[in-house]
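Next up: some structures, all given as structure tokens.
After this come two complexes, each holding chain A, first together with chain B and then together with chain C.
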Partner chain A sequence: MDVLPLVLSLLYQFATSAAFFFLAALGLVVILGMMNIINLAHGELMMIGAYTATLTVHAGVPFWLSVILGFFVAAAFGAVLELLIVRRFYGRELGALVVTWGVSLVLGQGTLLFFGPFLPSIKIPGGSFSYGVFSFSDYWLILVLVSLLLILGLWWLYNRTLYGLQAKATMQNPEMARSLGVRTPRIYTLTFSLGAGLAGLSGALLAPTVTIAPFMGQQFVAPAFITVVVGGAANVIVGAVASSALLAAVKTPIGMAFGAFSGTVALLFAALIIIRIMPNGISAALQKYFIRRAGGAAR
Partner chain B sequence: MTKHKDISPNPGTVAKTQESSAAAEPTTSRGIPRRAFMTGTAAVVTAATVLPNLRMARAAETGPVKIGFIEDLSGNLAVYGVQKHHAAQLAVKEINEGKTLKGGPVASGGVGLMSNFAANPPIMGAGDKDLKYVDKGGALSNSGIGFVEDEDVLIDSGESGILGRKVELLAPDGQSNNNIWQQLTRKLIQEDKVDCLVAGFTSAEREAIRPIVDQHKQLYFYTNQYEGGVADSNTFCTGAIVEQQVIPVVDYMIRKFGPRVYTIAADYNFGQLTAAWTKAFAPLVGGKIIEEEFVPLSVSDFTTSIARIQAAKPDWVFTLLVGSNQSNYYPQASAAGLEYPMASTVNMAQGYEHRRFKPPSLNRMYNCVNYIEEIPTTRNRAFVKRWYEMFPDDPYIGQMAQNTYFSVHLYAKAARLAGTTDQETVKKALESGLSIEAPEGAVFLEPSTHHCSHYIRLATADADHNVSFVREWPSIQPWWLQRVGVNLVRNKEYKQYIPDEDPFFSMFSKS
Partner chain C sequence: MRTIVGLISGGADIGRTRVFWIGFGVIILLFLLYPTQTSAFRVANVSFYLLNIPLGLGMALLWGYGGVLSFGHVAYFGIAGYVYGIVAGNMSENAFGPLAGVAAGLLASAFVAGIFGYFVFYARVQKWIIPILTLVLTLLLETFLGQTAGYQWRIGSVLLGGYNGMTGIPWFQLGGFVFEGYSFYYLCLFVVLACYFSLRMLVNSNFGQVIVAIREDELRTELLGYDIRARQWVVFVLSAVLAGLSGLLYVQWGNYITPSQVGLLQAALPVIWAAVGGTTSLLAVVISTFTLNWVTYTLSAQGNQYAMVIIGALLVVTMLFFPRGIVVMVAERLGRFRTRRTAPSQP
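Our next item is the complex of A and B:
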């Protein structure tokens, strides 16, 4: 086998795998990473996005528009969920865990009763091209690009807008933020709704590549939690990007050499080791490193 | 036809029941092939020796006949469980309305073996639920695909329910969780005291509950296609098994596409053992498994597996993928431009991937099935029609749904033959060589191994996901357990055999 196609294929697998982790974790990055709510309904929020996209595509809406609709439907649902239920559980992590789990059961089973066990899938947009023995899917490359754009967008939102500033203030010290005139309940609703909307967006983006079924969200829950927890809360966006890349870098070569089973085992082992040596996640470790380096330079 | 009512528990009853069931269910009499006739004779002899020894019915047989039924109505496996649940509901409704499927202790044979042949296989378009359009494919010929306008196989049973008692279906949700399966099994057996248990999608679920079944000597039907090898005195496996599915399809694929096989399988006992079977059998027909990959059920991103397959360059891919997550393989492989021919024992006939995914994801998928909704025979079209009348919103009828349907009817037949719902007696009646005319064709419950012969068809999907049938075998016996010497009529057993226990295969696998 030629070396160049293999290297390209590995790069492609790495990029798509990292994009998959990042997209799976996208909504949770905001809800768990920033708001510290263990949201077990994360998968169902992705499912809502995927269902919205699938149903609207079948109704004749162009795919890119249906992805945006997926964002707004999930965001609206998230806002309602926050106002009715989640806001009663701030500061009570275990309460939030149980209540979001209940919501996920109701959503999954409700979808099964309402829409049946499956929706017909959407065709994956774009074709494929090949190089050497390997072939590559256009759509996955588009997903990689979209993931990069989403990273930039999130960074801009949280570092260059008033909402971002108020949200960070609210999450760090709600009382102080309130005394400075920030309407914290509104920030909580907006942030939860944004997280839900992002979950819906990535559900819609991943919809063509997966089975559209009531319990489809569950496949994303484990990768999402692993990515966010490994990434850490010190800087959620940097953390999610770094942990997606790191986990994909472990999984891809081992999976390629020894098969999917070994790839999964290696992934879980990597997560275990990272959390052991960096208990607060990669972003906290990176932050500490940069602070120390900055301190060293100042001296 | 009300002879079955008020049957008193005495030894004469059995013969009377047999007569009346024969009268109520006339069988086709023209040209029974010799083998079927011999098997039939053997079955009658078995019946004659077994039946007089049946135990007396217990006095306490009043109230409804309870059929315990567990399937996954939620979770990763709900797509299969809901179908099976509907199948059981349909069968119970028919039994309560005084209907039964043709058949009885008359051995295999029936319509399948006597069919006419269509010169070209009938092909149907996708998305056609009521099967109103069937192309007979031109003039009849002497070879080709069996296709016969037989009459419907649903006939009057002569009574409402079983032995004059109504049938009740107790169907809790297994939630795709093996622990819940165990709890529900205990509850159904100990508290509800079901007369018969029909349950199990994955082999993991079956193996989780089989010890409980055996502990209580519960009469148990496992209706899924599976990896084979279960030799259990209390368990009746009515789905197709490896020698009926894997061997025909591997043989065909190696001849048609070439010897180099890549197996990608779900990582649990079904996938592992079916892959082991394929590995054991492929050398016999000149094939070679170049790579085996086992995928955990939770995996849903197949980019790396697709690249591995491309690097290995097989002639065709054997896919044994199970559950919603793993179905993602097909659209992902198709989008990545993976265009190898594929074979399977589960996909298409079980999870209707050819209906769920946009063409051409399932192009050149081959599967030896004992049932698939598209089977063009009259009896199947009648079955499909009855199904959609009861469940108009269902998306598909899969092979394990059909198995569940005829298994419930088979239980009713056996209980009528036994004249009681006493479980040990019904088990003996089931071991009397029963055959039943299922929607797929004639099915014969082989007494010594508790497995069924099946009408097997090799179905394939084209680039537009139209299903056609390229070969068929009107009756394939479940022969492997007999080969390793299992005879449950003589010796009680409660284990599962695996191909490694048969030295026959290792003789050929040195390559």
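Our next item is the complex of A and C:
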């Protein structure tokens, strides 16, 4: 057997599972990093995105447009959720966790009652090609590309726009930001809505690869939360990227050798060991490392 | 004896007046007499509401008194249930097999919780990480148990059974005496009362006060010379054992268990019982656990599909409007009313 196809196949598996972790955790990390709130209704927001995409595709809308619709529908849901409920729980982390869990129960069960136990799924866009003995799916490569674009987009949003500046100011010191004229409640609503929208976008993007059912969000819950826990809250985008890569590097070889379930179990153990070593996640450890290096260079 | 009474009537739970204790005694008497007045079917239902109470008490201890939230206590419920099924099922000839199963089940729960607790408490992780990791653990357990269909997943003579679950789990028995039907009801009642009174003594003890101090201010408690990691670990393991106790009673009640008992929907329930009752009171959680089990069971027995929607909405409403729990807030209102009427001179 040739070595090159095998290496490429490993690389492909690594990249696609890193993209999966990143997409699953994306909406969650935006909300956690900016607002210090864990949104346990995350899986249900992804489900809303996936349902929007599926229903509109079946109605004849092109797939790319339905993905964008998934973003906006979930974002609207997120805005309503923030205004009605989440708003009252700022500064009460555990309260926010519990109340969003209640929301997720209502959304999941409500969808079951309203749409039934499943929807006909949509087929994966694009074909596949093979190289050596391995075959590769076009769509998963596109998802890897989309993940990279999303990272760039978020970087641009938080470093080059007025919203990004005001959001960072609100996160660092809400009182000071308010006294400088930033309308912090609106920033919170926008941020929660953005996070919800990104969850919906991920749900819509992943919709062709999974079964469309009311509790489909559950399968993203474990990977998304492990990614967030490992990444930490110091710098969530960097944390999410680094921990997606790291978790994919754990999961790919173990999953290949011992099967998918062992890969997932290995993830939990990896997460436990990593937080034992770095209690605040990778991003805090990286930050500390770079600050120390910068300090050393200055001296 | 005096210390026991002092510990039970200490200030860490609601209900300390003479009127309260008379009412408490009357209610226990009613529970004792209940089987004589009704059918075996109803008694079995009430046993089910009772057997969930230790799980709720574990949540109250961990979350309300300890300030640590776990979304995955059903994992320990399930571990104890499955281990009991394996051990007691394999020793079905032996009159003390179920007792060995109980011991093994509780040990297994404590063991898994001990390892898990070591990683999270000794790493001093941030508050929001523990609920998430516990949730992930229980989801993984469900996935694992779900794929155990088939004959390769046989332990001794017991099949794990995948999503069909484990069936034919033996009743609890002590020597020749089998607990089923009415005697099982009294067993549940005894376990619930024993758990409640020992926990009430625990939270009023020195240890309990340190636990509450850790909840209020970790750093200050540590600076006073207490090892907060060890104490949080002990509370976590203890609450896992309580969850395991409920799991044991559950499999002895229904003689079967399925992986969905450790799934996401079930995992939500103990949190809801504790939040609706009011996490800072053991008695409130006992009341809410019993009542909510009664309501959900009745609703779903009538084929009402909205049961989980109602329960989820109840959680949201409680968190929004009764942040300290419905039972606790009602009790406070009653208490204030009473003090105003009987002792107006007191501040």
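The criterion applied here is as follows: the second predicted complex is superposed on the first by the 299 of 299 C-alpha atoms of A that agree within 3 Å, B and C clash if a C-alpha of one lies under 4 Å from a C-alpha of the other, contacts with A are read in each partner's own complex, and residues count from 1 in each chain.
Note that contacts are C-beta pairs under 8 Å (C-beta built on N, C-alpha and C of every residue); 3 or more make two chains touch, one makes a residue touch a chain.
Since the model is a prediction, treat every value here as computed from it, not as a measurement.
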Do chain B and chain C fit side by side on chain A after the overlay, or clash?
-> clash
For A:Leu83, decide between first (touching chain B), second (touching chain C), both and neither.
-> neither
Partner contacting more residues of chain A (chain B vs chain C) | B
Of the two partner chains, chain B (first) and chain C (second), which one does A:Gln109 touch, if any: first, second, both, or neither?
-> both
In the overlay, answer first, second, both or neither for which of chain B and chain C A:Pro279 touches.
-> second
Touching A:Pro120 in the superposition: chain B (first), chain C (second), both, neither?
-> first
Please indicate which partner A:Leu165 is in contact with in the superposed arrangement: first for chain B, second for chain C, both, or neither.
-> neither
Determine, under the contact definition given at the top, whether A:Ala233 touches first (chain B), second (chain C), both, or neither.
-> second
Mind working out whether A:Thr264 is in touch with chain B, chain C, both or neither, as first, second, both or neither?
-> both
Is A:Ile142 contacted by the first partner chain B, the second partner chain C, both or neither?
-> neither
Is A:Gln218 contacted by the first partner chain B, the second partner chain C, both or neither?
-> both
Once the structures are lined up on chain A, find the stretch of chain B hitting chain C; candidates are 113-121, 203-211, 437-445 or 455-463.
-> 203-211
Between chain B and chain C, which residues of chain A are contacted by each of them?
-> 109, 112, 215, 218, 222, 261, 264
Write out the stretch or stretches of chain A touching chain B in their complex.
-> 1, 6, 9-10, 12-13, 16-17, 20, 108-109, 112, 116-118, 120-124, 126-130, 133-140, 208-211, 213-216, 218-219, 222, 251-252, 255-256, 259-261, 263-264
Inside the complex, what are the residues of chain C that reach chain A?
-> 63, 69, 71, 116, 119-120, 122-129, 131-133, 135-137, 139-140, 143-144, 147, 264-265, 268, 271-272, 275, 305-306, 308-309, 311-316, 319-320, 323
Chain B residues within the chain A interface of the complex = 73-76, 78-79, 82, 176, 267, 293-296, 298-305, 307-308, 310-311, 313, 324-325, 327-328, 331-332, 334-338, 355-358, 393-395
Would you tell me which residues of chain A are touching chain C in their complex?
-> 38, 85, 88-89, 93-95, 97-99, 101-106, 109-110, 112-113, 215, 218, 221-222, 225-226, 228-229, 233, 261, 264-265, 268, 271-273, 275-276, 279-280
